[in-house]
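You will see two complexes here that share chain A, one where it goes with chain B and one where it goes with chain C.
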Partner chain A sequence: MSPRLQTQHLSRWYGNILGLSDVSLEVGPGITGLLGPNGAGKTTLLKLITGQIKPSLGRVTIDGQPVRGRAEHFFRIGYCPETDAFFEGLTGWQFLNWMLRLLHFSDSEAAAAAEKMLHLVELYDDRHRPIRSYSRGMRQRLKLAQALAHNPEILILDEPLNGLDPLGKRKIIRLIREYGREGRLIIVSSHVLPEIEALTRQIILIHQGKIFAQGDIHEIRDLIERHPHVVSVRTPDSRRLAAELIQQPYVVKAYFGDDDQNLLVETRNRDLFFQFLLEAAAVKGLRVEEITSPDDNLQAVFDYLVGRP
Partner chain B sequence: MIREHGYTHWDGHLISRPWPWWPITRLNLKLAFKKKHFRPIYVLSFLPAFFFIVAIYISERMEDFRFMVRGSRPQFLEVNPNFFKNYLASDFLLFMLILIMVSAGAGLIADDLRHNSLVLYFSRPLRKKDYLLGKISVLAFFVLSLTLVPAFIFIIIKLLFAGSFDLLRSYPWLPLAIIAYSLFLTAFFCLYTTFFSSLSRNSRYVSVIVFAIYIFSDFLYGFLYGWFHRPYLSLLSLKVNLQQVAAFAFHQKPVQPIPWFWSFLIIVSFCSVATIVIRQKIKAFEVIR
Partner chain C sequence: MKNKPDSYLHRNSSPRGGALFWPTLKRVYAFSFFLNKRSKRSRLFALLCFFPILLSIFLRVHQTISADTSFDGLYLFTNAILLFVFQFLVLILALFYGSAVCSEDLEAGTWPYLVTRPLPRPAIVIGKYLASLTLMALMSAVGVITSFIILNLERWAELSLYIVLLKDLGVLVLGLMAYASFFAFLGAVVRRSVFFGLIFSFGWENVIQYFPGSTQRFAIIHYLKSLLPLPSTSRFSFLTFRLEPTKPFLAVIALLIITAAFLALACLVFIFKEPRAED
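Take a look at the complex of A and B:
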C-alpha cells in the first residue's frame, strides 16, 4: 500500500538561500498539518508539492505520477495560497466563476458550483460586491472557496485560517475536517499551533527548510526521549503519590502545581509511569481524579524539536 | 473517535483538455470590450478598411464615378499588391494598432503581477505557455481582425465586383503575402505589448511606455534624419521598420533605400529578446517572497 503523495529528497534553493532541504515525505488521505514558524519553508514545500515551482533536486509524485510539468493534476488539486491573489475589480461571484472557467467548467456548471460554494463559505449575500470591499476574513473565505469549488480530491491549504475571527475559524475548521473525513488528502499549513491541533493529530514539523518530524503528535512526542514527559495528576493523595513515585528510576522530577492536589511528574518512560499509577490506584487504593499531559500539545513538541527552552 | 485512514487507489486518468488557454483569452476579450475608451478606438480603427472597400468599389465602377476622377485612374484606385501594402502598413492603421495595444494590452500581465494572481493561474491546469498564449491571443485577435480579416475581405470584394480571378491570376502569391505580413505584424505587436506589460505592476505606466516608445522611435528617426540625412537612421523607427518589411512582402519599392533585411532583423531581434524576458518574468513568480 503506497501513499498517495510522496516527495523524494526534495530540495529548493533561491540562489544562495536554502528554501527546502532534502525533504522526503509520504502523505496519505486525511488531514495533515504542516507546522512551522514563518520562513520555515512551508509555502515552498506546498508550491513544490503542487508543481508550481521546480525543485532544485528531488521529485514529487501523486499516485505515482510526477507532479511537475503535469498541469492536468490541478483538476484534482485545490490550492489555497497564503497571499491574497484577487482581481480586485471583480465581484466574489465573478471571481469564483472565472476560477472555475479556468478548470473548463461550462458557464452553467461554473455558475452552479460558484453559487454552492459561496453558500458554503457564507459569502452568498455579498457575492455581487467587488472584492476590494471585502474584509480580511471574507477574502480568506473566498480564497478557500476557489480551492474547494471544483470538488478536488487533494487540498493544499496554505495558512487558510489567517485573518479569520474565532467564529469564522471554527466554521472553516469544521469544513476542512468534513472534507478530511471524506477521505481526501488535505495538507494544511500554519504557524499557529492551536489551529493545527484543532484540525488534526497528524503533523509534519518543518523548520529552516528541514523536516524535523512527521507522524502522530503522540508518536513524535514519544520519540523525543531526551526530553522527559510531563504528566499532571490530580489526586487528594498527591504527597503520598509523590513519595512513591520519586523512588522510581524512570521518574526525573515530581513537584506540585497550582494547588496541593495537582502533582506534576516528569518521567522518561510514560508507559512504566502509567502502569505504576494504575497499580497504585488498584492495589494501594490511591484516588486519582484527573490525568492530563500538558506537554502533549504541539507547542511543547515544537519547542523541543527546535531547541527552545 | 478512532478513525482509520483508508487508502484509496486512484485508477483514473489525468484529463488533458484542448485549448486550456481559451478561458483566459475569453475573459480578457470581455474585459477589453467593457472598457469605455477601448470601444471607440477599436471601431475607429476600421475606418481605413471602410475607405479601402469604397476605393475597390469605385475602381470597379469607374464609369459611374468619372465625374470625380479626371484624367487617368489614380494610383490608389489600382487594386494590386501596392494597394494591400498601403492598407497594412499605413501610418494610421499602425497608429491605431498601438492605441489598441495601449488600451487592451497594457494591463494584461501587469495587472496579474499587481494582484499576485499568477499563483492562481498556475494552480489551475495551465502551463506557463498556456498562460502566455491566452494573453497573447487577446492581442492577436485585435491585430488580425484589423489586418488579415479586412485584407481578405478586400480580395473577396474585388473578386465579386470584378467577376473574375484576374487579381489572383496576376498575383498568385498575394494571399500568402497578406498572411505572412499580418502574422509578422501580430507577432510584433503582441510581443511588444506583453514585453512591457511584464516589466511593471502598474498598467498605466506600461500604457505610457508602450505608446511613447513607438512614437519616440519615429520622432528620433525624423529628428536625426533632418540633421544627418542618412537613410540608415530609419532603422531607429519601429514604424519605418514595419513598413520596410511590408514593402518587401508585397514586392514594392522600400520606403527607405536600405535593405529590408535590416529592418526585419531588428524586429525579429526585438521579438526574440521580448520572448526571453517575458518567459523570465513569468518564471519569476516561482520565487517566494
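Take a look at the complex of A and C:
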C-alpha cells in the first residue's frame, strides 16, 4: 500500500511563540517540496510529522495511525535532520553501522547496508575517517545516507541540500528523484527555490507558521487571480501579435523584452491566451519560435503569496 | 552516485510496541557503552578512578620509609579509600554520567537519530543508564580493588578480607545505581543538571547526614553508610559523628527503591521530552 501522511489542524506553540498554525495537509507518494523562508515553520512541521515534538493542537497520522508514541512507524520512515550534529567520535562507517543497528538490523545486515549506502553517497573511500574531519558536504551526504540506508517508504528530508557544492547537489537531487519515482512518500524542505524546483512541481508553501498554498506549481499560480501570468513569446511578428493581443480582455499588459522579437504578455487567463496564440499561428500565419513563462517559478509564486512586490 | 541499494532491507514483519523494548535495550546499551568508553569524559574519569591507587601507593611507601609497625591496611582502606570513593568519586561519576542519560543528545543535537528510530523511549533511557552504570562500575572497581590489594598485601591469603572487598564493591554498585538514577531524573527535568547536581551532592548529601534522628534518611549516602563497616572511634569518627544506621537489609531495599523510582520517573519525563525551540 502506498503511504499517506495526514495532518489535521496541526498547531504548535513554543510558549508564546507560534511555530505552526492550523496546518491540515494530505501528502501521498512522490516528492513534495516544503518551501518557505528561514523561520517559516518548516522544521517545526517536520519535527511534528516525525513525532519529535508533540502538537499543541491537531494530529499527524500515517495511513490513519498516529505517529507519536508508536516507535514501529520508524521502520518506515527515514529522517534527515537539518542540524549538522553527529556522534563526533565516530567514523562515517561506525556511524552508519550503528544507525542501522538501532533500526534492529543484525550486525551483518547493518554492515552490508552501510557499505552499499556509503558507495551510493560516495563516502566509501573516506569511511574510516572520523566524522569531525569530514567537509560540510560529506557530513550532509552522511546524514542523508543514514536516512536512506534502511530503504524506507517515507523520507522526511530537512534541508538536505544545505552545504553541498553544485555537483553534489545535482547528484543528491538525482538520487532523491530516483527514490521518488519508486512511489515513496518524500517531503523535502528548503528555503532555496531552485532546489525545490529541481526536485518537484508538487509544493507546499509555508510562511509564518501557516500554509499559504499546496499543490502543483501551476495550480497554485492559477489561484492568484490578481497576479497575472507573464508569458514570453519569441516571434518575428511581435508587433503584430502585440496589436492583436492588446484587444483581448484577459490580457493586462504587453511589452517588449530584450529585443524587438521578444514579446512579454501579462494575462489573467493563461488557457484563453494559449488558445488565442494557437489560433493566431494556425489561422493568421503568425510565426512563433519560442514560448516560455519567466515567472512560472517558485520565487514568483512565493513573492506573490507573501505580498512582496 | 552509484546504483541504489536493493530493497532487501524492507521488512513487512517489523516488531511492534512492547516487542521492541528488549531488542532496543540491548542495542542502545551496546551503542551507548561504545560511545561512552571512547569519550573524553571517560578518559578524564578513568584518571580520577586511579586516585585511590595513587593514595594506596603513597600510604604504602610512607609505611615502608617510616617503618610503621602499626600499619593496618583494612583500616586505611575503610577510612581513607572508601571515604574518598563514597563521598566524592561515586557522586562525581554518577552526576556526570547520570545527568547525561536524558540530556546529552538534546544538547549535542544527536537527539533526532535516536527518537526517529524504532526505539521505545523508556528503553533508550534504561539502555543508556545501564551502559553508563557498567562503565562507572568498571572504572571505579578497578581503583577500589587495586588499592585494596596494595593496602593488604601481607594478608593476601585471608579469605575473609575478600568477602569484605566483595561487600564493599556491592555497596559501590548500589551507590552508583541510586545516584545515577537520581541524576538521570534530574537531567531529564532541569537544564543545568550538573549545577543542581553539584549542590545536591556536596550540599544536601554532605550536610544532612550529620543531622540527628530520621532527617538523615532523606540522603542516599545514609543508606550507603549503613551498609559500610562502622568507622572506628579514632581519627575519622567526626565524619560520621551522628550516623544512626538503617538495618542493612532495609538499606539495600531503600537503595533499590530509590533507583527504581527515579529511573521510572526519568523514563516518564523522557517520553514527553522535546527539544526546545532554540534547539
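The rule is simple: the second predicted complex is superposed on the first by the 306 of 309 C-alpha atoms of A that agree within 3 Å, B and C clash if a C-alpha of one lies under 4 Å from a C-alpha of the other, contacts with A are read in each partner's own complex, and residues count from 1 in each chain.
One rule holds in what follows: a residue touches a chain if its C-beta (ideal position, glycine included) is under 8 Å from a C-beta of that chain, and two chains touch if they have at least 3 such contacts.
Everything numeric here is computed off the predicted structure, so don't read it as measured data.
For the composite obtained by overlaying on chain A, chain B and chain C cannot both be accommodated without a clash.
In the superposed pair of complexes, A:4 makes contact with chain B only, with no contact to chain C. In the superposition on chain A, A:151 makes contact with chain C only, not with chain B.
Of the two partner chains placed around the shared chain by superposition, neither chain B nor chain C is touched by A:209. Contacts of A:228 after superposition on the shared chain: neither chain B nor chain C is touched. By the touch criterion defined above, A:36 lies against neither chain B nor chain C after alignment on the C-alpha atoms of chain A. In the overlay built on the shared chain, the residue A:28 is in contact with chain B alone; chain C does not reach it.
Looking at the shared chain after the overlay, A:117 reaches chain C, while chain B stays out of its contact range. When the two structures are aligned on the shared chain, A:181 is found in touch with chain B, with no touch to chain C. By the document's definition of touching, neither partner reaches A:55: not chain B, not chain C. Chain C is struck by only one stretch of chain B after the chain A overlay, and of the options 60-68, 96-104 or 168-176 that stretch is 96-104. When the two complexes are superposed on chain A, the residues of chain A that touch both chain B and chain C are 14, 19, 47, 50, 52-54, 69-75, 77, 79, 81, 83-87, 98-99, 101-104, 146, 153.
Residues of chain A that touch chain B in their complex: 1, 3-4, 14, 19, 28-30, 43-44, 47, 50, 52-54, 63, 65, 69-77, 79, 81, 83-88, 98-99, 101-104, 146, 153, 181, 183.
Across the interface of their complex, chain C is touched by residues 14-15, 17, 19, 47, 50-54, 69-75, 77, 79, 81, 83-87, 89-90, 98-99, 101-105, 109, 113, 116-117, 119-122, 146, 149-151, 153, 171-172, 174-175, 178-179 of chain A.
Within the complex formed with chain A, the chain B residues making contact are 3, 5-10, 14-17, 20, 23-24, 26-27, 111, 115-127, 130, 286-288. The touching residues of chain C, counted against chain A in their complex, run 1-5, 7-11, 14-17, 20, 23-24, 27-28, 30-31, 34-35, 38-39, 108-121, 271-272, 274-277.
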